[in-house]
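The chains carry the letters A, B, C and D, assigned in the order they are written, with residues numbered from 1 in each.
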Amino acid sequence: MNKEVSPGLLGRLRTWGTLWRDIADKVSGADGLDSLNPDLPEEDARKIRAGLDDCLAARGGEVSARARAATLGRAYLSLNEQGRVRFLEILAREYATDHNRVRDAAAALTDVDGEDFSALQLAEARVRDALEPPRLRLLRQFNALPRGIKFLVDMRAELLQLARDNPDLRGLERDLRDLLAGWFDIGFLELQRITWNSPAAFLEKIITYEAVHEIRSWEDLKDRLDHDRRLYAFVHPNMPEEPLIFVQVALVNGLAGNIQEVLDSSSPSLDPEQADTAIFYSISNAQAGLAGISFGNFLIKQVVERLSHSFPKVTTFSTLSPIPGFRNWLDRRLAEGEVGLLTQQERKALGQALAAHAGDGETRGGASKGDFKALIEGADWVGSEPLATALKAPLTRLCARYIVNERRPPRQEGRAATVLDPVAHFHLTNGARVERLNWLGDRSEKGMARSVGLMVNYLYKINEIERNHEAYQGQGKVATSTAIRGLTRG
Amino acid sequence: MNKEVSPGLLGRLRTWGTLWRDIADKVSGADGLDSLNPDLPEEDARKIRAGLDDCLAARGGEVSARARAATLGRAYLSLNEQGRVRFLEILAREYATDHNRVRDAAAALTDVDGEDFSALQLAEARVRDALEPPRLRLLRQFNALPRGIKFLVDMRAELLQLARDNPDLRGLERDLRDLLAGWFDIGFLELQRITWNSPAAFLEKIITYEAVHEIRSWEDLKDRLDHDRRLYAFVHPNMPEEPLIFVQVALVNGLAGNIQEVLDSSSPSLDPEQADTAIFYSISNAQAGLAGISFGNFLIKQVVERLSHSFPKVTTFSTLSPIPGFRNWLDRRLAEGEVGLLTQQERKALGQALAAHAGDGETRGGASKGDFKALIEGADWVGSEPLATALKAPLTRLCARYIVNERRPPRQEGRAATVLDPVAHFHLTNGARVERLNWLGDRSEKGMARSVGLMVNYLYKINEIERNHEAYQGQGKVATSTAIRGLTRG
Amino acid sequence: MNKEVSPGLLGRLRTWGTLWRDIADKVSGADGLDSLNPDLPEEDARKIRAGLDDCLAARGGEVSARARAATLGRAYLSLNEQGRVRFLEILAREYATDHNRVRDAAAALTDVDGEDFSALQLAEARVRDALEPPRLRLLRQFNALPRGIKFLVDMRAELLQLARDNPDLRGLERDLRDLLAGWFDIGFLELQRITWNSPAAFLEKIITYEAVHEIRSWEDLKDRLDHDRRLYAFVHPNMPEEPLIFVQVALVNGLAGNIQEVLDSSSPSLDPEQADTAIFYSISNAQAGLAGISFGNFLIKQVVERLSHSFPKVTTFSTLSPIPGFRNWLDRRLAEGEVGLLTQQERKALGQALAAHAGDGETRGGASKGDFKALIEGADWVGSEPLATALKAPLTRLCARYIVNERRPPRQEGRAATVLDPVAHFHLTNGARVERLNWLGDRSEKGMARSVGLMVNYLYKINEIERNHEAYQGQGKVATSTAIRGLTRG
Amino acid sequence: MNKEVSPGLLGRLRTWGTLWRDIADKVSGADGLDSLNPDLPEEDARKIRAGLDDCLAARGGEVSARARAATLGRAYLSLNEQGRVRFLEILAREYATDHNRVRDAAAALTDVDGEDFSALQLAEARVRDALEPPRLRLLRQFNALPRGIKFLVDMRAELLQLARDNPDLRGLERDLRDLLAGWFDIGFLELQRITWNSPAAFLEKIITYEAVHEIRSWEDLKDRLDHDRRLYAFVHPNMPEEPLIFVQVALVNGLAGNIQEVLDSSSPSLDPEQADTAIFYSISNAQAGLAGISFGNFLIKQVVERLSHSFPKVTTFSTLSPIPGFRNWLDRRLAEGEVGLLTQQERKALGQALAAHAGDGETRGGASKGDFKALIEGADWVGSEPLATALKAPLTRLCARYIVNERRPPRQEGRAATVLDPVAHFHLTNGARVERLNWLGDRSEKGMARSVGLMVNYLYKINEIERNHEAYQGQGKVATSTAIRGLTRG
């Protein structure tokens, strides 16, 4: 299957370049912008500057400003990576705010009578105006071009990568984030149910963007759209051919704990009217350029609302989630010497299992130091019944402890410390609780590598969401089921 | 006909209040907000503050913030004018920026090394953050509510009126303008052709919002949607049931000069395939709350593009426009004593016409001072052939001079002075030229009162638009036809 | 308001003639069909015959047959009534079946061995083929033209009128009926809810076609589409701009008995969620050319199903119906001498009321013969309380008797006799029961003239419909409420 | 890829059975029809008869007739093949016309005065009525069920197969054909362009139904929907999820002669604006149950019209077609002894080529008898340049002769003989001409087996279509290019 839906900027040139050509052609004076050296050497950079100046001068009104933006967009798409970096640096540095103007406006603030509310407002408005960089005016023009908003989203995806090593680009990236955050306000998004009757072009993107459990073929996708499955996506009216984020749900009986069973296409499908549980088994962000603009919270809750309405018998809403950081954390602990990882009893059981596995007649007193580490690093134990049995208790316990207790320091002073695992953090922030750990819930290579095969259910209980959210946000308290609580305390 | 489509905020309470009730009910703690005293006395204002604080604290995540916004919106709609003013003042004053935080961030700017671009950017970003008032976060919540964006548009319409006498509200009004300007970016608007097959509810709004030539009945509207007429509107995807701005076009042969003829339903309709001219005879803004966010420029040019495409024989695109400020300006000049208004020859001709009208046998030497003023103030002259003939030349000449030469001082230093007439200013900014004045082009009461019956054609010549726009914007030069030039020079 | 939606065939020429011109132009040899004398004299009739022959010969395949049909359709539309009659007569007589072929095929039937099923089938198929007239092949071509199906529907409307006095046209009319009955099979119709958001052009047709209670204006229509009202129509996918039949429903509390109250726009509207009763107060056929092809039965039952689903609290489904034949029947009985119309007691009460009305002090022994007739013929009694009171009992009783007992002879031997009143017959056939008579339920001029102001509720009880239908269809038994039963027995 | 879109009637039971269950449940008295023995033994056949009788009696009106039809449909779907044959036989034999009634009505025809047109019409109408079998009334009910029309189409597909050996079923099959022919009238079909944005479920059916050049994967399909390709389908509004027939078009420069090149996904795609030729390279009927109801003629011509409109530069419209019967015909001729197949010169050239291929030094006098046959039967010659060269001339000549000259006897006396090849017959009837033969135009296994690798272009010249059609239909004359004419005369 061809996974290459987004063939890079050069690839898109053919399609978009063609589209914008007609718009760009309407304006005179875009001298040489249609035949740049892809590296953007200095003599060509001058043409870019002229084009940017023309566009900002908005000669001929907004319509011709748009035409000039089209010309610049085509120019950008014709550049190679080096050329694009130069283009973005010009935009970032030379079309930033006028620092003197900002400083003057800021200085004027001190002259205002602090009691004069209206004067303060006005003075602040002047600072705000001064803080709007010309590059932002330019970026806005693209929204009026066909697919222009997708162009900006992809430009930001590129900027995010470049800005890591290039602090000068960070201001431009922030401008773009703020612009897109306004345009992708949750109020504009449409929640769409995606089915086998959706456009193939859209489904092809679902296949490409699925980030949690790979969709292996069109038949695999069709199974995931069967009548006991649901797939919902947020879509923006100005880029209807692209999902922003999507979630996959299985309607089942009882809490599902094993992802291979959920995805097994050979198992008979359930009459969804008879299901009592909705399992959210995959949630994927589709647009790298919208990083930091959050929709997931809304998506899950709107889907819960829709499903509650359509299937009154469904009363349990839960995820079946990976624990992406567990193995990493565990490896660090193992590298530090296993100290305190296993209880004495666990160590003893493990020793017996190792003996049984090795066919040793003698009982051993307990696993030696290093045994545990060696076992985890290999993957043989999965095939050994006694070893797997002996590992189940300590790994499950450690995983519960990892999810609930391991924290990263608070970003801002006064805020509560958040949990270390990013998926856990996402769902806890949304108000879910840690419900159940599933031993060997994901036997795939990826599942073993990330979390020694463990998966977790986060439960969304409608009337607890608000309380859980506040307790976590405010005091860092993690809501858990009794069983999980038992594991973390043991 | 019931013109009351927008029955005021209280009227809307029934519909919207009902809609939001279900959303608002999902959240606890909106104590007493659903039974406020409509005057909003201090004890109730406290409840509003508590509600605003809750919403901003976003307890329970964004979904519950939305629920709290719904509660506050319902509360706002339940207030009378006095109550609403109090509500808005609380929002404006108490949820403004933290001035100390702003001042500190501004002060920090001076400590940054002016050569360190990246540090400057960061310091400016901090000022920008500090300048975002909490009230703006609150307003954004409304977009996620059904019809919430229309709620904000109407709230701004109200704020615009209130802020005239209440400077404390101006900051809030500006926040709302900036927010709406982003959301109503031209790239999000859809150009729709409105026909007799459009929803009746939408057409009813066209009837109500038409601001130039009143639509008197559904039959009148049907005539305006006949096959040699076009009506285009800009619509926003989040309020699809409302036009933002709309333009009405007649497909005719030759430049139309008389609005009564254009609107005459009894005249046979033309095969639009045979037309050579598109007359834009009415353009109306429909949303008072979007004042200052401009779409008209784009609307006209997109319609020109569409019509060019559908009707290749149509090569002339022109308005038939009112001259709303002419009579006012003329009256002021008349009050100042008519000095220099009429040429000697015109005065003489007028004298003869007055004599003929009065049935005087004798010829007179010329009109006396005051005659001209008296004639204009009465309306009898329209019915008198000799008087009308004698007035045609001077009024047409004065009108050309008014449109082209009368200026208002530039808003900012260094900018060119703009023309006084607002409709002229709009079309000249768009790059049109003043083409022709039409004597008695609008004999309606309104037409006589505004412009002594004169109408004007502004011509959009595709390949002149950019040049005209620049000359007007840059040096204040008004593009005119030879005929108009003749009149202004005479 | 312009009620002229269907401006007659000549009026449509402009629109359709234009449409079909392009199709017709594709074929050569339509000599002279585009400039016929509207009377269709013999020399022009010859051109019609040539055109019909060409079309049937289908030279150039089906596509050019369609082009020739377009030419003939345009020719038909260009004729006056006399010309159209001649056209239809040619089609009816000269393009009928080949009687000899039919007779031969029919004769061959007698030679077939009655035991040989397959041979019988084949012989019958030959007769069936011979019975298909060429004119039917021609009519089918029109379906492939834009709006061609509406052309045929309107042609049948015209044929139905003409065939009354012209038996030669009846065969053609029957062909058309059979053709349209297949194409308008209930399985193809779409039930649409019509709202204030429906296209104005469609709503304009609702105003025109409403046959029971006139819609007086667009505001009146808007009231009938308010949130406690429903309007449903059947629409065919090939003529989506036309309703076929539509029904209007009021959601109310309790059985409504007065049509003026139902239609009163000033009464406050009900929250439809709180209603317990759906009143079907108007049902109108919109297409005269589909007479005899019945949809009403399906329409009512599908609407009942939809409303049950949307409004679970609505448990009573009833009409509020006119009794169109009551007054006519009563007038005949009055003309025959009032014998047996009134009981002795009613006559006495009427006499007293007349005396009271006349201000006579004396009591009278009873109304004289002729008094009743005179009263009914005048309309004064409505304004007189004593007279109205005295008339209520006998008129209500007579009306119940008229609806339930008055019959027309069965159409076919062995079938049960049907009731005389056409509206009663329609609802009884559908399985409804006669529920309640409403005294002065329709005080409009039309209501007084048709049924002395009486209206009736027919009740649709879901679990009785089948039984009622069978009893009426099979034995002519009319289902009634206890109250109605009391009136008819009295 | 799972090609099983139509999983047989039993497979559909799950889906449709479920759908119709709710409708069927509304009616009482469908005793035992939901638990039949799949073989339909006599005691269960009785239940079917009772159900059919109930449905025809239409107790409870049309709505309950529909419910009973649903019950019968579910019963039919629950049967195995033997059971279904019994069901259909009951329907065919026991619900046929009443032969006595038909005979009486037919006999009455002879009593009518032959001059009395109106009486004749009436008498014929009575025969027509008598000829309508009850089973037809039953079949019509299915159209009102969801997907009922597809049920009938599939039932006819099954009947067509069964009726070959079971003449008793033929009458029922004909009834169904006539019913479906009316409902699938060309006027109801919608021409849809199918793109990569079409619903995946619809595209999946295109993959399955493609009958000419197999679609091997979703990627293959995507290539066929690329921007220089078009795929059009006829769709019926009542079964929108199913194509009826579809055609695939390649926009190219010059007449394409090689199908592998057309289908090659690795070749760069053309800017369709630059194409001058549209190649119809595949046309597939999708519904076996609509056999004998012809759409192909209309489909090609409507697509030609659309393409002409969208791409004014495209002036050549041609097929690239298989010659399915050539090899068969050739094999019969070879079996008869090659007599007269090759000219002397061709035989000589072939002998030389055989020698060259065998590496024989000596020249031979000519191929021996049997050599030609042996070569054709093997496939080795394709890889041998000298052999292929020697075979090209005679095979091309013979193929031209096969297409143009080989005929099947006329179906009816007086009609012209039609050509033997079915694809040729289809396009010649449509008015195309035989344009060019393409040597090794299809090297696929299927292509070699059907037509020794040859393909043919049929050319649609807009202004010749009518003339070609008439000449072929009338006198059996086949239109050809000069080149083809040369080959057939040689």
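What we mean here is this: contacts are C-beta pairs under 8 Å (C-beta built on N, C-alpha and C of every residue); 3 or more make two chains touch, one makes a residue touch a chain.
The structure presented is a predicted model; accordingly, all values stated were derived computationally and were not measured.
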- line: Every chain in contact with both chain C and chain D is listed here as none
Task: Just give me the whole-number Å value for how far the CA centre of chain B lies from that of chain D.
output: 62
- line: Cα centroid separation, chain A vs chain B, in Å, comes to 42
Rounded Å distance between chain A and chain D, as computed from the means of their C-alpha atoms: 51
- prompt: Residue numbers in chain B touching 2 or more other chains?
  reply: none
Message: How are the chains arranged in terms of who touches whom: line, ring, star, complete or other?
response: ring
- prompt: Every touching chain pair, please?
  reply: A-B, A-D, B-C, C-D
Query: Inside the complex, what are the residues of chain D that reach chain C?
result: 27-28, 59-64, 93, 96-97, 99, 102-103, 106-107, 109-110, 114, 117-118, 120-122, 124-125, 127-128, 131, 140, 142-145, 148-149, 167-168, 170-171, 174, 179, 182-183, 185-188, 237-238, 297-298, 301, 429-431, 465-466, 469-470
Query: Okay, in this complex, where on chain B does chain C touch?
result: 1-2, 196-204, 218-219, 222, 241
